[in-house]
């Protein structure tokens, strides 16, 4: 079959799925809340993409520029909005407008990175636990429970403080870690002997190299990375539990057994049958989480553990604002320093929440229709 | 006729876990010692009420469940099976027996051997709504066995899928649709197409018409008979609907609480049932003739739980012919003449009569 | 020997307003059920049998709406069109005059309540006063038993009081007055004892207005209504015995998941018959049961019809069941009743082509399976004229344009088909 025919076939295969999507979009369009949520998110996406245009950077884009003129004139106090600084300035004469615009990129970065990574980890743990059951399920779930037992925000704080700024990494250490993990996964999947043998060899090799020839290089955890890693570690158990519940439900459906009767291997069943049928609720929660994770990061920045000084992050900016809340007069005078970035955060979170709700409304009755 | 499937003393128990350490406190004895022979090209009906273990038996034969004891011989020459039977009786520990079993007994298969088996044995489920993945297109649903077993890919697979789709009476346009866009009867046809695409020799039909409308039922049943003739299939037709089984099967077995109580040709079973349970079962079927009404229900009481089946003959608490021996010993399936096998002391005395 | 009609459904129209369009579920359905008979309602999936039964109880779920027709119930001496009745009046009828049993019994039993709880719930809703009266008199009797007469004179007085109590127990006017304060004084004068529990019960009986009922109910929560529950329990056991459940005392304390399918269905039947309804609607009650249990339940239903005298609307798609248990048969197709006749008539001389095709499709050994060509039509844009004409082997020109009227062709045998002069 030549390329043209293959393309034709692909398009025909897509048609029913497109019809489905179109049906879903029609329902989405009917809901005002959903459209509002989508509009908000699109607005933020636009801001993020057009950031270099809207607020041209000087030097390092992610660091907010200071206005040295005013700083030398009147030192630290924040100034209300003027033509020169559209949103005003905050403590140490950082331009608020710049901070908010480039903060959008930070927000997306935090939200998406954390959610995607913790989703992947959570899915892996949850699916393996639910599909294989037994001892693996017990072990993984107890491990998950341990992490959930810690209060999330506080654990994140502790992790951020505990992570060294530079992590000494070596290729052999990484290799060791990777081979141990893949060994565990392979044991769970029960494959044929060859794969197991190869993994065993890699494992031995990495142990040897760790003992004898370390090739070390330092991985510097920059800026927000510590915060991201901390929130990821705290966040994945939620997804693991969620997907585990769904997989337990799907696992007993007839079509899974039918697929096994057709000769599918375990991995095929997981990838082609279990995953597509169980992931919708998790995706919905994930979209909601994007908003709330930005809030968590903002909270961490507010406390002071988070983005470094002068970084363009909404939470950072608000944390700086608290220095100037000395009395009622001050609060009103410096109202812009917390209100505007707060507005950005609130709008961002609301947008993702509405989107998540809309997705749930659209997808659930769809699922019910089946 | 050659034998397609031979079961010897097949057992499948589900453990009931209880207590703090989740130990096995009891077992649900779903299938508790079933032996039967299915001939090539015939439709073998398996009848029973809920809880008798017929669905479990079907799935165990297909190795979707691991049997706890017993043997399954699929497409094995008769003399070999006879040799294994003899060896088991005379010398159960012989090495030859073990080797023979490893080679021919499906119950011992695992891994690659099991994979190869899937090509030849297939199943059609009761409910077409749940047995088809709602997120897969019809062409993927039907093509899955081909891809999963490595029989064909791409263009070749597509050709096979279209062939079988046409054969079950559906148009090409179904290929690029989702299963939920079709009616129940059509979905069942898709399920049938999936079962037959790898050209199996043996198909287990697990109540394939129970979840479908009455008017569609006849169409599906006719399809089954046509396909059997055309592809030379052997069926095991599991059902609780006796009237359908009477019309489509060549031979019928009746199960009660995990054991087969009677089996023979369809004619014999329905016109001359020997076991009291079979008699009651057949008499309970409501006849669509208002001039023939029954005054009393033929069988009272309920099916006991398969966790603690009654000692001796499992049917004795409800049996009108129960004798003393029925409470102590379990009757064996013996030939009452004309290849009509019954397991009942009232019919065949233990000394043989 | 004209039996009167308990239920008359005339030209019932029900439409469902869904996302995909307007489903014309019922298009002028005509059914009548006589007193004390079992009417079998037969049809395939989607023909509207369940919707009809739900309409009779006015329980059609949204987006469905009853658009037209009349449903006349002749429970007592009155004939009422329930479609004109208010929600409250209909609610009082449900469970008492009309009750319903469903296909999957365990799905319709609350899994966290015992059998006894659920049956007594029905009793509390409809027969509370009766139970209260019984409790009061039993308690009074018990209290009197407790008093030990010491002297001869006291014994005589004691006997007189007991006699008085017996007399009052039976007397109708006393029962009627039991709720009135005057009755209390009378009883006190006669020396009949009373205690806190009796007083609460009397207050509950006496409560007429909603507020007084609420207050009485509120106070009744603080006492253990031992006698009331005991009376309810006795009644529950009696009802369970009447549906042939073995060991009813034990079953009363069981939870639904502990019951087998047949037992659960008997419990549901028991619940439905608690208040001796005039009409019992059975929506495929034996479809999910084993064939031996089905035979038992069918027998039970026949026996109950004889003992209690309820009329039964038996919905099924199994012609064998119909032949074995029904007195008359109504056949539905695509939202219309197309034939109604006595059961013997229906099986020996079916008139409508669909009925004939249904009877022919019953599997017979040795013959190939016969089916009805085509598919059940979608009710969103139904065909004009007779809805069966595209699958009918006798279809004529007029069938495509004009819907045939439901007419009495032979005595007691109604058909809706142009072959028998269905055009008005």
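Lettered A, B and C in written order, each chain numbered from 1.
Keep this in mind: a contact is a pair of C-beta atoms (placed from the backbone, for glycine too) under 8 Å apart; a residue touches a chain by one contact, two chains touch by 3 or more.
Predicted model, so just to flag it, every value in this text is computed and none were measured.
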| item | value |
| --- | --- |
| Steps in the shortest chain-to-chain touch route ending at chain C and beginning at chain A | 2 |
| Contact-richer chain pair [B-C vs A-B] | B-C |
| Chain A-chain C separation of Cα centroids, rounded to whole Å | 57 |
| Centroid spacing, where centroids are CA-atom means, of chain B and chain C in whole angstrom | 39 |
| Gap in Å, rounded to a whole number, between the CA centres of chain B and chain A | 50 |
| Of all residues in chain A, those that touch chain B in their complex | 1, 12-13, 15-16, 20, 192, 253-255, 257-265, 268, 272-273, 276-277, 369-370 |
| Of chain B, residues touching chain C in the complex | 49-50, 183, 185, 213-219, 221-222, 225, 240, 242-244, 246-247, 266, 270, 280-281, 284-291, 293-294, 296-300, 302-303 |
| Chain C - residues contacting chain B, complex | 44-45, 260-263, 290-296, 298-299, 317-325, 343-344, 347, 358-359, 361-372, 375-376 |
| Chain A-facing residues of chain B, complex | 59, 62, 64, 111, 115, 118-119, 122-123, 125, 127, 130-137, 139, 144-145, 148-149, 154-155, 176-178, 180, 191, 194, 198 |
